[in-house]
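Chain nomenclature is as follows: A, B, C, D and E, assigned in order of appearance, with residue numbering initiated at 1 for each chain independently.
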Amino acid sequence: DQMDDIKKAGKVRVAIAIGTPLFSYADANLQPTGSDVDTATELAKDLGVKLEIVAITTAARIPTLQAQRADLVISSLSITEERAKVVDFSTPYSAITIMVGAPKDVKIASYADLAGKRIGLTRATTNDALTTKEAKGAEIMRYEDDATLITSVVTGQVDIFSSTPSNMGEINKRAAGKNFEMKFSQLDSGLGITMNKGEPKLKEWINAWVNTNLHNGKLNTIYKKYHGRDLPANVVKPV
Amino acid sequence: MSQIVNPLPGKLHSGLVATEGGGSINTAAHPGPIVKLDQVYKSFGANQVLKGVSFEVAKGEMIAIIGASGSGKSTALRCIDRLEVIDQGSIEVCGIRVDSPTVDLKQLRLEVGIVFQSYNLFPHLTVEENILLALRHVKKLPRAEAHQVALRVLEQVGLQEKAAAYPEQLSGGQQQRVAIARSLAMSPKVMLFDEVTSALDPQLTGEVLRVMEDLAAGGMTMLLVTHEMAFAKRVADRIIYMHQGKVWEVGAGEMLDAPKTPELKAFLDNGL
Amino acid sequence: MSFGSFTGTHLLYLFTSIWWTLVLSAVAFALGSIGGFGVMLARISPRRWLRWAALAYIECIQGIPLLILLFIVYFGLSVYGYSLPSLVAAGIAMMVYVSAYLGDIWRGCIDAMPKPQWEAAECLALGRWQTLRLVIIPQAVRLSLPPTVGFLVQIIKMTSLASVIGFVELTRAGQIINNSIFQPFLIFTIVGAFYFALCYPLSRWSEAMERKLNVANR
Amino acid sequence: MKYALDFSTLLPYWPVFLNGAWLTLKMTAVAVVVGVAVGTLVAFAKRSQIQPLSRICAAYIEVVRNTPFLVQIFLLYFGLASIGIRMPTFAAAVLAMVINIAAYAAEIIRAGLESVPKGQIEAAECLGLSKWRIGWHVMLQPSIEKVYPALTSQFLLMMQASAMASQISAEELTAIANTVQSDTFRSLETYIVVAALYLALSLVIKLVTHVLGEYLFRRRRVVRQTAARNSRQAVRPPTASIARQGGAA
Amino acid sequence: MSQIVNPLPGKLHSGLVATEGGGSINTAAHPGPIVKLDQVYKSFGANQVLKGVSFEVAKGEMIAIIGASGSGKSTALRCIDRLEVIDQGSIEVCGIRVDSPTVDLKQLRLEVGIVFQSYNLFPHLTVEENILLALRHVKKLPRAEAHQVALRVLEQVGLQEKAAAYPEQLSGGQQQRVAIARSLAMSPKVMLFDEVTSALDPQLTGEVLRVMEDLAAGGMTMLLVTHEMAFAKRVADRIIYMHQGKVWEVGAGEMLDAPKTPELKAFLDNGL
């Protein structure tokens, strides 16, 4: 039983893809930081064990879990049906908006407008799955993590991207004068803390923890600290 | 294409000077000797190798150069084909001033054929391709014509049946004969040979010497460095004995029987 | 354009990550040498099946990118329940890869030893293993030094691939810094310069040794 | 935990895998052809009498050979873009590969050029062949023939190195693998399949280069056949020379 | 460790057969000749090199094998030490059936010492280490004892003072003498020499021949391939002339003065 293992080891291994601005990234001192990192820290504290961050790439989030290299993944992982077939999700602890962004002077209003255009995104994300399915005829450029995507947009390798508002904020900070804006929203999705299947004890504890901390406002504080706004209402459900 | 034809004050020499007849398209007819060295000096660094070498080769003449190792024989030959640039003096080949900085190298090398001790065949080409290379790309002969020429020269050296072989499949003597054929194919006015048989067994040496003798009999102007005294004596019109970078003795084959200088005597006593 | 800036902290971070590049190189070389020695022995074994097996191993491994080997080892070992730190995973993948190449290089060196040396030892009643250990290998080592050092350079460069499985060595450190300050040109130039500083002396050393050998053999 | 390999999930993806393999092959082919051409020029330039030119070439070769390909890719892709030079992924990946393989090829070809005996070049001069003709017929052709094995093993390493182009979004075999494994959650199986595909690709390249070598270098074939025909006498086995070691990692 | 001692039907031969005395620890005393070849055949591919070679070497005998290049002399020697495996026939050395597939190679090679034209010293070891190698690792002698043996054999070949030198620091003749010493150190019952002086200058040849003569005088059983006719005639008890893979003539030294077959006559006329 994983819960017992964690307690016995005295540490919880949480896989986090460092390279997702605002959720999980390296600060000026190259220390991991972001809302997911804070969430993991709080969780470990409440669990009464030490936190060990397993740094991974975005595409490795689920394989790492399958490979038993981590006990949990807290890494802006959207809850989807496909993923739920192979791993277990907690109830949403946070949320992410997936959107298509582009410079102000580019006219895009829907998936149809993307045909024939190059759009950048991060491999093995919900953006990837959704855009690949919907944006027929677009040339999709897949990067290994959000940071590489941002580097590519900032350096001008691609102009149109599917990402999150927070990433767009980063891009706008770095690529002055391009004025990237949100063209349309693709999906609002809840993020789950992810664990292997068949761990009822662990799942129960995590769900309870998420619930508690949503209602005592702790998770909202963390979110607001990095993203500058409150968690969407559909995440913070009434009791 | 204009040559600097510079008729130097004529010098007497013992050879037979025939006036040039038909001649190739590019070279103006000139009355002088085919090859003429005048007070040629050449050093490698501090090592003065040629110290005022002068001699002439008349049309149709065959001259053998002999001398101890290091006496400058190869260097003299290399200077004639401008593989080395001389320091002082003048060299003229078929009316071309070889020492001039503006010498037309291509023209010079069409006039002169040279064969070395190491055969220097191109290993990745067949015997025929070795011969065709320059015919096609320098003389720009059409394929069929070049092929005819190649066959003719191969026959001349007795190797028609080896046309499709690669150099490594031939004996040393055969390779050397191909090298001669390759030079011949360009119809040079004069052929230079630098110890072409030194690397060969006595038996193979025979084949190559026979080819050279045929050539001489056919009227080719030839200048050869050799250690084969008997051959030199029998075939050469004149023999030049070089010693320490100078022409020490010149004469007909009989000079080997009665050397005038002690140096030549010592050389012959050692060598034979 | 410039955002954030490259600070001393970053430089220090890169410096310390060189250490991990060196550690991984050393591990890969040490493990790879052991494996390579085994592969070499198998390649020259009197047993035909062993020679074939070693040949097949070399051909297979040399046909697969190290990147893929890394993924296979990293994910493969752990789905069977061995959860190893990425240093170990990278070390094992590189051992497999390096041993195929080193085994091949070393076999070439053994083959280059003159056959009469084998025979002379054999005629003194030395056994096969004794001949190899006392006569052939000591001589072959001299011959193998230049290509081995040359390959060490390859190994150092290969460690950059371990970055994709999250092992923080020089290249990964560069990526992490870039993700924070977004100055790829500067950062990767510095990273490249560090690699150059590590590899170039080794390359020159290898070349110098090779020249000396060639002169000695002439 | 017992894990059972299951390849059936990957079955629907075979066209995707083949696409990736095809792109890998295409990138490798273009890089090899252009790279060898550039490398040849660099090899001659490094031998040239013009000091600055030969120095620049030497520096280029050393820098490329002593830094990881991955770093070269990043530098080229992001670095050039951030100073205003932008190019499509395929072009960027192939350009990085060309820059890489040209340096290795230059070094290999230079070794071949150096092994052409001076006498042969002189013999060619004496036949009146021009500098260019000598470079092509007398120097380059036999050199290439001699270093062909070293060159082909470099091609194979280059094909493997192309896997790193996945890091800059080129959809070659490795990138495909990354996507497929995140779709199917079958990472081990995916990478095993991809390893097998790479192995198959390298066999294809070996086969092609072998056939090409037999076709291009007629001498080896002719000499071998004649030797086999003429003498049925057993020949002593040739001593293998030390494997030349290159690499593109 | 059991040998297959197979007493073949005795064949007469002209040499003197001495019965074996003391013998080494491992080999059973056997009455026959030390070396015995019977109808040995050996081919390399399609090239049949030995075509039914038979001869015997008795204890203490010194036999010289002569013959043209390619006649199979070296091959015969190599077959005796099982460096080549024969196709047909039998070879027996000190009672060991060499042709048996299960032959004890180590035992065989303790009985036989062999020295080649190319000395094959181990270049990475000093002279003494070359000699010690097999003493320590095969005979398992303790260091001090092995050192004694090394000194003794080096003295035997007159090279005590070179014990610490490396092979490349020695002349060819000295290297060859070290090679002989290295074989001697193992106290073989029979020594094989394959043209051990062919690569040497006349002067260096002398040193080596003197060592071999001493050995013969000391009663060593020896079989040597040589081109030194004078030496063979003077020192050998018997001479075997091989021609085209067969033993063509056998006899004492005087047979060289009166060859019975035209082949031997031709060989002697060419060679001397």
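FYI, a residue touches a chain if its C-beta (ideal position, glycine included) is under 8 Å from a C-beta of that chain, and two chains touch if they have at least 3 such contacts.
Keep in mind that what you see is a predicted model, and the values were worked out from it rather than measured.
In this assembly, which chains make contact with chain B and also with chain C?
Joint contacts, listed by label: D.
Farthest from chain B in C-alpha centre terms, which chain would that be?
Centroid comparison gives A as the farthest chain from chain B.
What angle of turn lays chain B on top of chain E when you fit their CA atoms, given in steps of 5 degrees?
Rotating chain B by 160 degrees superposes it on chain E.
Compute the centre of every chain as the mean of its C-alpha atoms, then state which one is farthest from the centre of chain D.
E
Suppose each chain is reduced to the average of its Cα coordinates; what separation in Å results between chain D and chain E?
Going by mean C-alpha positions, chain D sits 53 Å from chain E.
Averaging only over C-alpha atoms, locate the centres of chain A and chain B and give their separation in whole Å.
The mean C-alpha positions of chain A and chain B differ by 84 Å.
Where in chain C do residues touch two or more other chains at once?
As it turns out, chain C has residues touching two or more other chains at 1, 75, 79, 81, 164, 175, 178, 184.
Counting only residues that touch at least 2 other chains, which ones in chain E make the list?
As it turns out, chain E has no residue touching two or more other chains.
By the touch rule stated above, which residues of chain A touch at least two different other chains?
Residue numbers touching two or more other chains: 63, 66-68, 144, 148, 151, 154-155.
Spell out the part of chain D that touches chain B in their complex, as residue ranges.
117, 119-120, 122-130, 133, 137-138, 141-142, 145, 217, 219, 222-223, 226
Which residues of chain A touch chain D once you look at their complex with the stated criterion?
59, 62-63, 66-68, 82-83, 85-86, 120, 123-124, 128-129, 141-144, 148, 151-152, 154-157
What does chain C use to touch chain E in their complex?
So the residues of chain C in touch with chain E come to 116-117, 119-127, 130, 134-135, 138-139, 142.
Give the list of chain D residues in touch with chain C in this complex.
1-3, 62-63, 65-72, 74-75, 78-79, 82-83, 156, 160-161, 163-164, 166-167, 174, 177, 187-188, 191-192, 194-195, 198-199, 201-203, 239-245, 247, 249
For the complex, which residues does chain E have touching chain C?
Interface residues on the chain E side: 81, 83, 105-106, 109-110, 112-114, 116, 118, 120-124, 133-134, 137-138, 182-183, 186.
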